[in-house]
């Protein structure tokens, strides 16, 4: 009869898991994943954006399992994402090909294509609506029928009011010579999930990290930059779009040939007419314009506009705007201000990393603490040892 | 004419911010307004500066802000990269190797062993999270000293030299007055007995009485230690008090150089004349 | 087959494992140098051992025997959790006995029993950068390592000596590896630092959140940073005896005696303690 280790840990974890399940089920209801997808659109969009995984049903599943905690849901999705094989890469998408559902500009009163409010919260009165407490499927069906009838009646003639192919406001500024025209840069973007981020970061790395960032963190940092924690940007939202973006991959058969002749990026030489259309995703895209000084020039220094870019999966307007602000901030590094400090921003916005490290403090640290106890006790010893006699 | 090598030789040092253009690349005076190119906006902070510093000598560099005087020290201490030019230290490869072609590791060696710098802003020269003695020891540690007792003893000696009470050595300089912070910087700069000290506006912003004490200290160090110094200041009175020879800087160029006494008594360049007359 | 569905052996796809091993080989070739790697998101949280976990998963094969400890104990909740995850995706045998294990993943301790050449120790690292407390910016610390500028680490120790008369680092006291790179040994107590010096086993260190892998190959010189006149000192374990097995001179947990007041001590390395207790039982 020898000594055996006390096996407490396994039992404790098992009991804890059961208890957690109880918390999810104690009201006697199991959340329907379809209902989560349908009724928690804001959370689904937030979670897809932070996980950088576009899949509404899977996001809804994660939300159910995480009991609605964005921290836990994003974690589930990221872990899932990291097991998925990468089969294809889309061809670069021209944003103007998107079919807008919502499109506004704060820079101009009217823009080609019009100011389209779409479905947004901007002008909603934040008053709790009692009727929602009793809304049931019958009400929903009846309302949807009325909605469809009304839409039919108002259907616009074909050519007017097109929602795709709308020009970008930024293009107008470029045509006017007020914004620096940029050469198309076809360098394949860096992928932060395949290669660790290095500071200084490339712009593609910067944008990826920001779009995957925690909504609250990105928002707060953008807010700080507006309030003056950094040289004032004076940003204006040139354009905000919530749009359906069509996704195309290069012909998978043609790309094998391309690789055979030593091409590494199948999207580069892809024939745009030879692609396969996959479908659409909904994104939020923001282009913010800020005045900046033109370099050099005659004695009087001219101003021009530069662009801050924000884009997220799903409808995440606040985050996309904040992202566009931070994009501009980081375009002008300044170590005196945290909002212009690339390392400070990019290293701390990720949900999984931030929440993981914070929560790790709950892990036992008694060995390190024991070590610290020793160090602290030593400083109280009357003859703290030093190598030399006292002078 | 002495055959001893100058402690430091600087040859044709230039520094510009911006890429320059055909008009201003050769520092053609006509292209520049002040130190900025009319055509491309490039700032020529330094244009072809050359000088020597001899053993035990104090060289003053005087000029307004924007004259480029601090930029000279920044380049010598490797805080900034010059656009072109050469510098030689007698103590480094016997003056045969250009400092500005040295590798990163060599530069750090030179900086730690052969140079000492006192910044105008003590926040740049000191770490306020550490005690004064640790700040002084930092330079010695950077020069690979690994004996606490020896470093502590040397720090005490330096604190005495710079008239900082040793019972305050374990206090962070954050809690010191401006004048005392400068003295900690001086102690730190001297810790490895470098052949040359770089002093950048060390008394600017201090009360007059405090200034006087710091200047007095510098005079004493010069007497006792015999280290060569480059003393940068916009204040001609300070230069007059301490510098053996002086360079006058304006818009990145040397407009006059010579013995301090001579420049004071008989300034040649109109700009120098302005400076000197305003002193009287 | 776990209830989590079908996953590749050891969870990670083979491509990921190869990439991690490549980074590991580079780390072994440059002892103490932090090699960046594309750290995957894992089913356990960042900060909870994903770095160590990725190392283990990239190395483990069906014939391995795995030991996982946290705070010196096999039964610590976190260790149990990690073991369960690895077991569910590999079916590999686990063991509490250090001598039986071929792979040992550990948080905050190096086992008391000396390791053999056929064993690999994998340590979980929260903050891989030994200079982080002197310099928050990664851009700068990268350059400091390249230029071998470790002044900051020594100034920190100097300051402690000035203020307190002695070095006051607790765990994670920085070490110099192979006379070149200064490295964070992970938050192991100082008493474990000497175990890294000229060991027989390969030691790998993984920081998942910070995305770094580094290594101490066998027979490598590892010295804890110290001054000539202030030699490195471990925790003081004199006068402490394990109340269970009677051991002395090993790292112990301090236990507050709820009943009688006062303090007692027990071996932190529980499997070694158990082994000693059983050995006594056999001989008595």
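Per-chain residue numbering starts at 1, and chain names A, B and C are given in the order in which the chains are listed.
The definition used in the following text is that a residue touches a chain if its C-beta (ideal position, glycine included) is under 8 Å from a C-beta of that chain, and two chains touch if they have at least 3 such contacts.
Since the structure is predicted, the reported quantities are computational estimates derived from the model, not experimental observations.
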A-C against B-C, pair bridged by the larger set of C-beta contacts: A-C
Chain of greatest Cα-centre distance to subunit C: B
Inter-chain centre distance, subunit B versus subunit C - centres from mean C-alpha coordinates, in Å: 47
Chain centre separation (subunit A, subunit C; CA means) in Å: 35
Junction residues of subunit C - those touching two or more other chains: 161, 227-230
Interface hub residues of subunit B, defined as touching at least two other chains: 148-149
Subunit A, residues touching no fewer than two other chains: 386-388
Complex interface listing, subunit C residues touching subunit B: 143, 146-149, 151, 154-155, 158-159, 161-163, 227-230
Complex contacts: residues of subunit B adjacent to subunit C: 104-105, 108, 127, 130-131, 133-134, 137-138, 141-142, 146-152, 170
Interface residues, subunit C side, partner subunit A - complex: 7, 11, 13, 36-43, 45-48, 50, 70-72, 74-81, 84, 96, 107-109, 126, 136-139, 161, 164-172, 187-190, 209, 211, 227-231, 235-236, 251, 253-254, 268, 270-271, 274, 277-278, 281-282
Partner subunit C, residues of subunit A touching it in the complex: 2-10, 12-13, 75, 78-79, 81-83, 85, 193-200, 343, 347, 352-353, 355-360, 363-379, 384-388
